[in-house]
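Shared between the two complexes below is chain A, which has chain B as its partner in the first and chain C in the second.
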Partner chain A sequence: MAAKCIKNEMRKALFSKASLITYLLSFSLVIYHTVTKAEIYNEFYTAYQTGEVQGNPMITAVSLYCNWLGADVTSFATSAFFFLFPIIAVMPYGWSMAGEIKSGYTKNVISRIPRKVYFFSKYFAAFVSGALAVMIPLLLSFLLMSLVLPALHMENIYPYGVIGERSMWAELYYSNPFLYSMLYVLLDGIFSGLTACISMAFAFFTRSQVSVVLMPFFLMLLLDYIDTNVLPGWELSPVRFLQALPVVNERSGVIDLAFCLAFAVFTLGIILYKERKYEAL
Partner chain B sequence: MRLYRLIRYDIKNGICSRLYLYVPAAILCSVFTIGFYMSLQNRNLENEKLTIINILLYFFEGKEPFSPELGNAFVFPVVWLFIFLYSAFLTLNYPYSNLTGYGVQVITRTKSRKLWWLSKCFWVFLTTFLYFAVWYLVSLVLSLILHIDLSIQYSERICAELLDMKLQSVQAGSVWISLVILPVMTSVAVNLLQLCLGLFFDRIYCFLASAVILFASTYFQTPLLIGNFAMVKRSVMYQENGMDFTQGIIACVALIILSIGAGFWRIRKYDILKKHERGLQQEAEDD
Partner chain C sequence: MIKLENVSKSIKGKTVIDGITQTFHGGITYGLKGINGSGKTMLMRLISGLIYPTAGRIEIRGKELGKDLSFPENLGLLIENPAFLDTYTGFDNLWLLASLNNKVGKTEVREALLKTGLNPEDRRKYKKYSLGMKQRLGIAAAIMEKPQILILDEPLNALDAEGVALFDKIIREEKEKGTLIILSCHEEEKLREYSDVILTMENGKIKNREEL
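Coming up: the complex of A and B.
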């Protein structure tokens, strides 16, 4: 029964109109970013070949590893993608719990199958859909950019594309940047999945679907404000620490893990509580 | 008379019964004001004469023109975005839930879709004004509590050290325009555009459009992105080639007229019954 319920939820999560629109929006950002970067690289390459570039050409500035969507912290597309990631993660399926409670679908389902199965299937579907909504555009960007840009290893002597010694996975960034990039895609995916689950958990407290979708977005903005104004030093805002290169401060693995755990405990805690106490009627 | 009744209905249902939505705005304003006040102590600026204008400059400073050079990461102005996005959120739900619920009855009885649309536009005006009134009022009250000067002057040192802002020429008129008139007008224009888009797309996509416009305004300095006019750091007060106030007012008025006009055109052909059926269940529970 559980497998059937999960399959049903996954089908609803992955093949909905909202999912399609979310992917179209993300892909348009990816394509805009790839085209602008390809143009810049083309100009650079032409100048490099004709000998117009004098002195050190700083060739690693056009490396794939500091120019794909997850790491290009100077570009509009990257900044916009991470600014909007709480909405991108929630839009495919994070809102569904609110919709189903409101429409009465939940009552019909939990009178037929155990509440635990239903809630955890929804949780799983929301997590996967949120994670994929962020991971797929990032992977697509990495693949498209690798068609255009050279995959040069980064060097720490230049004032761009560098991360500090204290920063999370710093050694890996210089020794194996591909693995570093993929780990960041995975981290972003996990965090986005949890963001979609936050939205699902909020559905038990508010009846407004719009509020459920936008709650994680405003929460992330609030965390960004705290990061900017109250607790400087380490990157505390998910909007910033999910970007593969530092925005303002160094990244700490402990902080990332703490956020993941806090979000997981909060969302799972609510689901576990509601699984026992939820009153459908 | 019919319009007056519709507006009265919207004030009652769209403002008075949703006053709780203004509480987070008041809390946010308090947090931002107190946060700014505390940062004076951290920078040893407690002896500087802080005025309410400094606080308003902090709210509406926005982002200095950004050049995407190597190694220069983009940091968006979170306070500025918070203020405008919460305003967009406030005006997002009510018109849609009204149109898919009781609004159909209202349109049938008044026999005019145009009046319904006009009353909703007026409601957006009122909601935005009220929202900004809450911001100004809370900062005023906190200024009184924290003994912050209420004069039109401001501390240049606080601006330079905390906001990284050196204003060029400041007259009382410029201060009013850049800190009160243009932010409110820009917000009204964005919210009306969002309201108009709501007749074409789902609410979340309309909010997404507002978020993208406002975010893009912080990244690109161009008069085409209306958010630029509501940022002090993009204005002529901050930079020589900055955004002109008159141009800003004209752009806001043009967008407001365009949104209202497009809404008029759309509402004539809008299938309210289909939407009504779909939204019937939502209406009872939304708001």
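Coming up: the complex of A and C.
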């Protein structure tokens, strides 16, 4: 029963118009980013070949590892992607609980299977769809950029693409930047999945689907405001700590872990409570 | 058999069901009568396990709803407006629900659609359905798993004459099978035609029981 419910929810989550729109939006950003970076690299490479580049070319500045969508702190596409990531995570399926409660569809399901099975299947589908909606564009960007830019190992002697030695996975960044990048894709996926689950949990408290979609976005804006104006230096803002390269501060990873744990406890707590108390009014 | 013992339900401080004690037996059709807000739909929701009583207990074949059971097994349900997934066809919607507990296969789903006058091969999405077609799909969903308990809240809403005739036939068949049916209907003549027992509700209480 549970396997069938999960399968149904995954089918609803992955093969929907909302998923298609989300992927079109994020793939557009990936393509724009790739084309822009390819042009810049082409100009640099031409100048380098013709000897127009004077002094140290700081060649690692054009490395794949500091220019793919997840790590390029200077590009519009990266800023837009991480600014919009709560919406990208929620749009494929995070809103579905709100939709099904509002329409009355939940009655059809909870009169056939236990609430626990239904809610946890939906939680799983929301998590996976949210995670994939962020991981797939990031992986696509990494792949496309690897066709364009050289995968040079990073060096900490240049001012570009440098992270401090106390930053999370810093040693890995210099020794195995591929693994470092993939770990960030995974971290971003987990965080985005949990963001979609926040939306799902919030659906039990409002009937407005728009609020459910926008709530994580405003939560992230609030965290960004606190990070910028109240507690600077803590890297509290997911918009920043999900990017593979820190802009200003060193990053311990404790904040990332704390947020993931808090989101998981909060969302699972609500689901466990509602599994016993939910009423289809 | 469904047994309600002193069941009450309050929502936001307002009592919507007030100390109902009633037993529903298999093979009998119970018609719920009463003005809007008298508690008919809430009583159906309670019996279906969609909401929980604030006080009292509901037993279904000796098992307490909400404790031993999360929802009544073998239940067919249509409460208020039917609600399905907009982007799926009628058949796909029913199949998605039927596959949750694997009680019936695609053949039974097709049969249920045909009984309500819907075409199982119709590729139109649910959002393109008329109100009457949506209601028919709701009835098909309620009967497709051959339930032993059938709860129908205003099943004639939006049905045309052909739809009502098909519904009459469905009710006859369900009664012959010995299904316990609880239904409400604003057309008193129809309610009397379908029911063996009429329960009149008022202010969340059963005020009168009439055997036909």
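Just so it is clear, the second predicted complex is superposed on the first by the 280 of 281 C-alpha atoms of A that agree within 3 Å, B and C clash if a C-alpha of one lies under 4 Å from a C-alpha of the other, contacts with A are read in each partner's own complex, and residues count from 1 in each chain.
Convention: contacts are C-beta pairs under 8 Å (C-beta built on N, C-alpha and C of every residue); 3 or more make two chains touch, one makes a residue touch a chain.
Remember, it's a predicted structure, so these values are computed and weren't measured experimentally.
Engineer: Could you let me know whether more residues of chain A are touched by chain B or by chain C?
Structural biologist: Ranking chain B and chain C by residues of chain A touched puts B first.
Engineer: Please work out whether A:C5 is in contact with chain B alone, chain C alone, both, or neither, and reply first, second, both or neither.
Structural biologist: In the superposition, A:C5 touches chain C alone.
Engineer: Tell me which partner A:R112 touches in the superposition: chain B (first), chain C (second), both or neither.
Structural biologist: A:R112 sits against chain C, while chain B stays out of touch.
Engineer: Determine, under the contact definition given at the top, whether A:L179 touches first (chain B), second (chain C), both, or neither.
Structural biologist: Touch status of A:L179: no partner.
Engineer: So, A:V73: does it touch chain B (first), chain C (second), both, or neither?
Structural biologist: first
Engineer: Name the contact category of A:T228: first (chain B only), second (chain C only), both, or neither.
Structural biologist: first
Engineer: Determine, under the contact definition given at the top, whether A:S103 touches first (chain B), second (chain C), both, or neither.
Structural biologist: Both partners.
Engineer: Which of the two partners, first being chain B and second being chain C, lies in contact with A:L143: first, second, both, or neither?
Structural biologist: In the superposed model, A:L143 contacts neither chain B nor chain C.
Engineer: Across the two complexes, find the residues of chain A that touch chain B and also touch chain C.
Structural biologist: 103-104
Engineer: Spell out the residues on chain A that touch chain C in their complex, using ranges where they run on.
Structural biologist: 1, 4-5, 8, 12, 16-17, 103-105, 107-116, 279-281
Engineer: Of all residues in chain C, which touch chain A in the complex?
Structural biologist: Checking each residue of chain C against chain A gives 11, 45, 48-52, 70-72, 75, 77, 79-81, 83-85, 87, 96-97, 99-102, 141.
Engineer: Quick one: which bits of chain A touch chain B in the complex? Just the residue numbers, please.
Structural biologist: 21, 25, 58, 61, 73-76, 78-80, 83-84, 87, 91, 102-104, 158-162, 207-211, 213-214, 218, 221-222, 224-225, 228-230, 245-248
Engineer: Quick check on the complex: what are the chain B residues that touch chain A?
Structural biologist: Its residues touching chain A are 31-32, 35, 39, 68-76, 78-79, 81-82, 85-86, 89, 92-93, 203-205, 207-208, 211-212, 215-216, 219-220, 281-282, 285-287.
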